[in-house]
Each structure stands twice: as C-alpha cells, then as structure tokens.
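Structures given as structure tokens follow.
Each of the next two complexes has subunit A plus one more chain, namely subunit B in the first and subunit C in the second.
Our next item is the complex of A and B:
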C-alpha cells in the first residue's frame, strides 16, 4: 500500500505540475507560450530572491543581478560569439562574482540600511551600463543577441531554439533544475542555518554559525540563480537595455514575494502565479495597472503580512476560534 | 577654469544642495519618528510640482501663493500615508517602505491619468531674467531657491527647538516609550512628522517646477538622491541631512561640470557606499539602522 504522507503528496503534486508544463505548449497559442516562458524565468527569479529573504535580508538589487546575467550573456554571446553552453555558466559565475562584490560591503549593514545600500549599489551598476557604450551599448543596450542552438543545420542532433516551443522546453529544464537545487537547500542543514539567522541572529551566532559569511554565501548563491534567470531572459527577448532593469521591475518582484510570502518554499511560486494571472487579466487596463499592483502591495502588507501562504493557517485559526465559541456558548 | 565658471559651479551647487536639503530633511523627519521610511517621497515632490502646475499655470494664482499652498496640500497626502500605511505597519520598517512603493505607483497613475503621462508639462517661470555675479549668469528663479530653503529649514529648527509640539516630536524621536509616558500621543506625533515631511517635499517640488520638466515620474531621481543623502547624513539626523545635502550637491555639480550627469550619479552612489562601509551610522547618526 502506498502510504500517503507529505513527501508522497509532494512527489505527486510536483509530477502533476511538471506534466502540465510539459504538455502545455500543445494547448496554448504561440503568444501564450512566450508568456509561459517568461513565467518560468520569473519563477527562478522569485525563488532565488526568496533564498535571500530567508536570512532576513531583503535586497533592492536583485533585478540588477538578473541584468548582470543578461548583460554577461549579451556580451559573451554577441561580441565574443561563444556558444550557449559556455555563455550560460559563465554568465552565472559572473553574476555570482558581482554578488560577492556587493555582499562584502553590504554584510556590514543590517535591515533597512542593507535594503537601501543594495539599491544604491544596484543603481551604480545600472549607470555603468548607461555610461559605457563599449561593450554595454549605453542607453540603447545590446541588440541582436544570437539565439542559441545545438549543432549546425542539417546535423541529426540539430535543435533550433528560434522555435519558441524548443526554447520553452529549454527554459523548463533549467527551471526544474533550479527549483530542485533550491528545494534541497531549503531542506538542508545549510538552509536551516540560514533561516536561523533570520529567527535570531545572536543565538545562531552563539551556536557557531558565521553570520557574516553565511549572508555573503546566500547572496552569491542567490545571485548565481538570478544570473541564470537573466541569461535565459537575454536569450528569450534577444535585446536588452538598462530600462529593462529599472526600479519598477524590482517592485514587481517584491510584490510577488510579498503576495506569496517567503517563509515556505511555495510562497513565491503562489505569488508569481497569482500575480501573473492578475497581470494578464488586466491587460485592457494597462495604464491603471501600476496603481492596481500598488494597491495589492499595500493591502497585503497591511492586512496579510505573511502573504498567501499563511492564509490556510489563518483560516484554520479563525474556524477553531468560532467552533470553540460555539462550544462555549 | 575662469572665475565665472567657478562662481557658476558654486552657485549651481548651492541651489542644488538647497533643493536636496529641502527634500532630504522631510525624509529624515519621518524616519526619525518611529522609523517611517517613505519610498514615495519622490512622488510627494512630484505632487508639489503638479500643485504649482495646476494652480499657477492653469488657474492663474500667483506663483508664490501656489508654492505656499503646496505645503498643506502635499502635507495632507503625507498624513494619509501615515494613517493608512505607516500606522498599521508600525514596527516593521521594510513593510512600510515597500507599501509606500505601492502608494507611489498609485500617485503616479492618478497624476498621469489626470494630466497626461507622456506630455511634459512646462511651466513658465514667473521671474524671467537673470543676474550676473562675477561674469556668471544665474537666473532669478534658481536664485530664489536658496533663501527659500534657508527660511524653511530655520523655520523647522525654530519649531523643533522652541515650540511645544516640535519639542514633543524630538522627544518621540529620541525615545518613544519615554515620550508616551510623558503623555505625548505617538499617533499625533507620527502624523505631525508626515505632515512636515510631505510639506517640505511639496514645497521643494513646487519651487523646482519651473526649472525641471514636470512628469509623473520626475520624483524618482530626487527620491534616490534624497535617500543617499539621509543615509550619508545618518538616517534620522536633520543636521546630518542638511550637511550631506550640500556635500552631495557640490559633488554632483562639480562632477557634472567636469564629466557628465551619469558619472555624477555614479560618484554620489559610490560615496554613499563608502560612508556605509566606513561608518555605517552615517556622518551624524547616533544609531545604526
């Protein structure tokens, strides 16, 4: 007999989701497929951001880190003409290295100062892109990033990722990989050590966790995955410029994480999913959309601070309360 | 570099520093009392500019009266922020900060819907012409900003050190619990802090309206600089904010004159990172934030 415990739930659930994403390209239009690809990239981004937030460090530069990955991809693929299996790992490593450079001064600050200082460092990088026409292309950015392909035309193993369906599957593989890694980290000793920093910094320091080192490490791992998301994004949209990585985008990333919550692994997934749906539904009201999302952000922070992931527990607590009241009355 | 260039750069820096001070002081007041970090401070600045645009350009009220009216109007918006956002999220700096980011979005969209998004609103200067100091031409409109800042900041100083409510505000900033024990209402004080904060941002925006292009998104750059300033100055310190504002004003103007504005922003941001690394409390800060 199959025992239906939590891990089985999880296994069945993720299999169902994966099967859905595997068959999805056959069910939707080409336009929707592009949206799904972007959605997957956003999932990687939000999950890597959540990893940062587990230590209690919310940053304002995650979108810039994604941009670093995208710019590294653009420069390496277009100017150096390297194939994707060299470009993508290098983009991730470059982003992780930039994260390291960010993290060393940032680990000296805490809370709000950390938040603002990360923003300032991010703006610094964005201005570097704006200022240097070579190799970053200044305000126009990098256009015509070559699409990735495996093999040459005519060879039997040739896969052309101009085809959006192929690129979708490519992204899906990386998303699943990234999520598996993050899930393992979340359940590991290391992940727990990082979470303990958020719960009680001094206590975790006293039991031998090197807080400063851990925070730098989280920043780098998170940056590595943001770089992956950026690299995929650069290949997907084919051209990048500094305006792709403005503050507004960062606020949307924060909205996903606030709406979903960051305590559990599922929070950001719920956040990205629900907000993407809202985003698509409000397409006719495009100019009012920022206001709507601003309102959502305020309402969640004020009324439901833990995000949607805490909703079941809240409802349960409420029901318990009413049933107890009934018993008493 | 001739004398005229030096005088020109110096006055430009003084004017820029004044406007930075006006905006940053508002942030510092709000942060000093119960750590209200307002992401939408730039949008309050923008609202001030639109008050002048509406009252002066559209309705035809004299410029100075429009500027003075910007204070209560934008202060009211600040108080709404306090009531709806900062009060429910009190004790969680980041939550308030992020929520005001949402409020900033809302203000941008509302203004954009009312007065147009893409269209740049140019406001005719009420004081055309310029004066010449040692060969450097400085327009009257710009020259107005420095005395206005001096009046506003010294008014604030008088309020905080001589008036009962101002003293209560400072007490709140120093030790909220002790202040409450003295019978000071915390809610009233946070409200007052946001009133002052909004008012200063509004007047700053109003004064700058004839000088810079007025768009719903104009506040962003000013907010970024204002945040850099308050961090350099030490988050909750008003003196620190004023000093840092003039430092940043001079850095920005000199680098812009010698290179370009993108480099100037980079230098400013780098300066802030440096201050944070060397002295995380900021120049005049007492507490680490």
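Our next item is the complex of A and C:
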C-alpha cells in the first residue's frame, strides 16, 4: 500500500523528470543512451550511499558492495545459468548478507576508525576476487555474462535486453523503485530515528534507540540497494573484473555525495547529475581529469560544505542580508 | 521488590575510587535528589545507574531487573530514562520533531512498515502524542522552532520533554538546572513537580544547586569523596553537621 504525502509541486516535478527519462531514448544517440543507463545505476548507488550517511557512517567500501552484487550476478547467471528474475533478487540478498558480515564488526567502531576499517574490509573482498580463479575468474574477472531476456526468441512476449533501449527502460524501472523505497524510508519515523543517530548518538541511545542495531540495519539496507546497482551494471556491461571496483570509483562516489550533499533526499541526485555532466564535458582532458575532480572535491569542501543542496538556503540568507543592509543604509 | 535499588555500588578508575560502596533505595513516586560537593562522585554515580558506565562491583536494580551492565537503550526500554547535563537535542529538527523522535521505542516503526505501511513522520497520528507532551510542558509557542535556535533554558526543557516522550516510570535527570538563571530554574522545578504529580513518574536527580534540591526533593542523598555521607529529608540534611562540614568553604548556600 504505497501512500504518498507529496506536496503538489514535488509530484509535478517528479513526473516531469520521469517523463523526460521515458522519452529520452528517442532524443539521444545510442552511445548517449548507454551513458544514461550508467547514470541511472549511479543514481541508485549514490542514493543508497546517502542512506549510510544518514546515521553519520561514511564508508569506504560501498563500491565493493556494488561489486559483490555484480559478482553474485556473474556467478549465478553464468555458472549456475539462472534467469535474471532469480539472479537479481539473490544478488541483492547476497550483498545484504555480505553487508551484515561487514557491519557487525564495523558497528563497534566510530568515525575515522569506521572509515578506515571499512576500507580494509572492502580491499579484503577485492583481493578475494583477484586470488580465486574459481569462481571469480581472478584478475580477468567474469566474461560473457548471459544476456538478460524475457521469454525465448520468437515468443510474443520476448524482450531482449541486449538492446540498449530495452535495457535502459529495465534500469529505469528499478531506479524508480529504489528511489521510491529510499524516499519512503527518508520520510518515515524509522528514517528520522536513523538521522537522530547522526545528530546525537548518546541522546538516541538514551531515548531507547538501539544505536548498534540501527547502524547494522542501515548498512544492510544500503548494501541491498548497492547490490541492485551492481547486478544492473553486470548485466549492462556483460563482463566484470576487479578493476571495475577500485578505490578511484569510491572516490567518484564520495565526490558525487560531497558536491550534491547528503542532508536532503535530492542532494545525491544533484551530485550525480552535475558531476556526470562535468565528467562527459571533460573527456578531452584525458589523464588530467582525476586532478580536476580532486580540485572540485577540495573546492566544495572548503567553499560549499554541505554541497549544492545547501545553495538555495545560502543564496536566500545572502539576499536577506543585503536587503537588510540596504534598509539600514 | 523495591522500585529502584542501588546495592554496594563501587566504581574504580585505575587506582582512583570514584564511587565506594554506595547503597540507596528510591520508592515509586518519589523525587529524590543526589547532591555533593565538587568531585564527590555525583556524575560517576549518575553514569553508573543510567548504564553509561559498568560498575566495578555492586548492582543496580529497577523493578526487580538488574540494570547495571545493560546498555542505555535497554535500560530506557525497561522504563528508566536519563537526560543530559549538556543541552542534548537533535539540532536539525524542530521541537515537535525532537519529541516525536523520542517516542520511537513506543511506535511500531519497522523497516517494512516504513516502506509499505503508514509510517510517515508527518502524519497527524504520529504527532498527536508529541503535541500533548509539548502542551503539557507549556512549550506550544516553540513547537516549530528548530531545536538549535532555542535558549539554553528551553533546550534543557526540551531534553526533559523528550525523556518524558519515552513514557518512563523513572526519570533520571543529570543536573537539570545547571547553567540556568533563576527564572529558568523556577520553570524547570515546576516542570519536574508537574511530571511527578500529574503523570506519577518517579524522579531521581543529581544536582549541584542546593536551593533547587532543597525545594524540590522529598528525600536527599549526600555524597562526599565517593561515599554516601548522609540521607534524609531536606530539614535533616540541612541540619546534619557532617553535611555542613563537607560543604563548608566549598559552597555556603546550605540555607
């Protein structure tokens, strides 16, 4: 029973965005459409990372969790030969389970220790992929993940998701679903209880919120959705290897969340959108691009902590100030 | 079965004995004060009974359950809730939201309920009880103010309101009037009395301010150098030579 208490302009705004994404395949080239698909996957990833950040726990292993989802998809689809409607839920559950294994020891740490320990756990998993040729394929990873399809060739309901337009719509549906779930959580009492942990951990504990349990739960839900992003990624590119899930990808994820902000639901969306545009526009810079992104990260941390989502409030405050000065002058 | 019982409570930090063999009993419906000069071990005592510290030896029991060694959230779930000496609140939220979050453990907010159910923090039924508490404590005017923008006195009041929102049987207040002016103190004292009289909540408070404790509490426990020095009614405490001696020179407000 999904029930929304959206204000009208929010509803209209969401519809406009959804309509844009529905008609997009007719407006852009096939190459751009692939980029849009990747963009949607990144939205799921960034938005699930924001969920982690609501309790104040910034991790360095979220990209690895996405990788767990991708690897689970690779193993289940290729080696076990299972269809996507079995593979995808299982990939999410496997990722949530790995998240649980991560979260239990991590919930005993805080702040910087948590950050670094999450990195160590993530790297451990990445090295497992590298070292074990069976079933992870070692450094070469898993190639030739079976294509996603509904039905068989020739049947009337046959849909081949190897076709980039079909796969784009497939991803869009899951993106909307994931965002709906996260939006519901964001507006729930449970979501508020989780945010309260970030605000004041001791106080949360004193009013009966089990902080350790909540942090583990957030980690698992966030991991579940990172697994979904990973599963979609594996189906989209058809092959995965450990290099897909290196530290640099985690840094991009952090840049999206810093640029957009994580306080509101919209922050990471703005972050992924703006940085994806910058990423595409700076393709000619080639190897200078990481340096540029590093610079952007530093500039935002120094000049606009809180990210783009805080910009309207800042501008409003500035306008108020100047109008007051004018009145005074 | 005693309502709240402290037996031979001892806490050592290395070689330092912060609390030594303290025993006391609080009856249901009482307002009990724990006082003592600086360094008497009040804060350690408070942290022990509220679950922030684990005692070296001895035990604390509440309604027959041993609570020493339990985590603070478990103790809160049993019905003994603490407040903080500092102005502890969720600064990014309004007064109403703060109180509403504090009701968390009495609501059925599960993950599935959050995603598929009617668990929306803006819905009227979620806020009904929070409104009631705010009205009871006379904070309606500040209902939609961000907690961060309240005055110190109001922030401390909000802390008590949040503790009350958990529907406790025992309210443990850590220096409830610390840093307040006389007007704010009077409001806080009135609030604590009202909580006990109207809602029957037992109150245990640790406080530095003598006048407040003498006015508010029916029974007072005095700590000095980590040990229990005296216990009795305000009159008994006021005339107890050991108490006067302990406070002499440190604080002469025992009047």
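Details
The working rule: the second predicted complex is superposed on the first by the 323 of 329 C-alpha atoms of A that agree within 3 Å, B and C clash if a C-alpha of one lies under 4 Å from a C-alpha of the other, contacts with A are read in each partner's own complex, and residues count from 1 in each chain.
In this section, a contact is a pair of C-beta atoms (placed from the backbone, for glycine too) under 8 Å apart; a residue touches a chain by one contact, two chains touch by 3 or more.
Source: prediction; values computed, not measured.
Of the two partner chains, subunit B is the only one that A:112 touches; subunit C does not reach it.
By the document's definition of touching, neither partner reaches A:61: not subunit B, not subunit C. The partner of subunit A that touches more of its residues, comparing subunit B with subunit C, is B. When the shared chain is aligned, no partner comes close enough to touch A:179: not subunit B, not subunit C. In the superposition on chain A, contact of A:253 is made with neither subunit B nor subunit C. Common to the subunit B and subunit C contact sets on subunit A is no residue at all. Those residues of subunit B whose C-beta lies close enough to touch subunit A in the complex are 35, 37, 84-85, 88-89, 92-99, 101-106, 108-110, 112-113, 117, 220, 224, 227-228, 231, 235, 260, 262-263, 265-266, 269-270, 272-273, 276-277, 280, 288-289.
Only residues 50, 52, 71-74, 76-77, 81-84, 88-93, 97, 100-102, 104-105, 107, 109-111, 113-123, 126, 162-163, 165-166 of subunit C touch subunit A when the two sit together in their complex.
Contacts from subunit A toward subunit C in the complex involve residues 1-3, 5, 181, 184-185, 187-193, 195-196, 199-200, 202-203, 205-211, 217, 221, 263. Within the complex, the subunit A residues that touch subunit B are 58, 105, 108-113, 115-117, 119-121, 123-124, 127-128, 130-131, 247, 251, 254-255, 258, 287-288, 290-291, 293-298, 301-302, 305.
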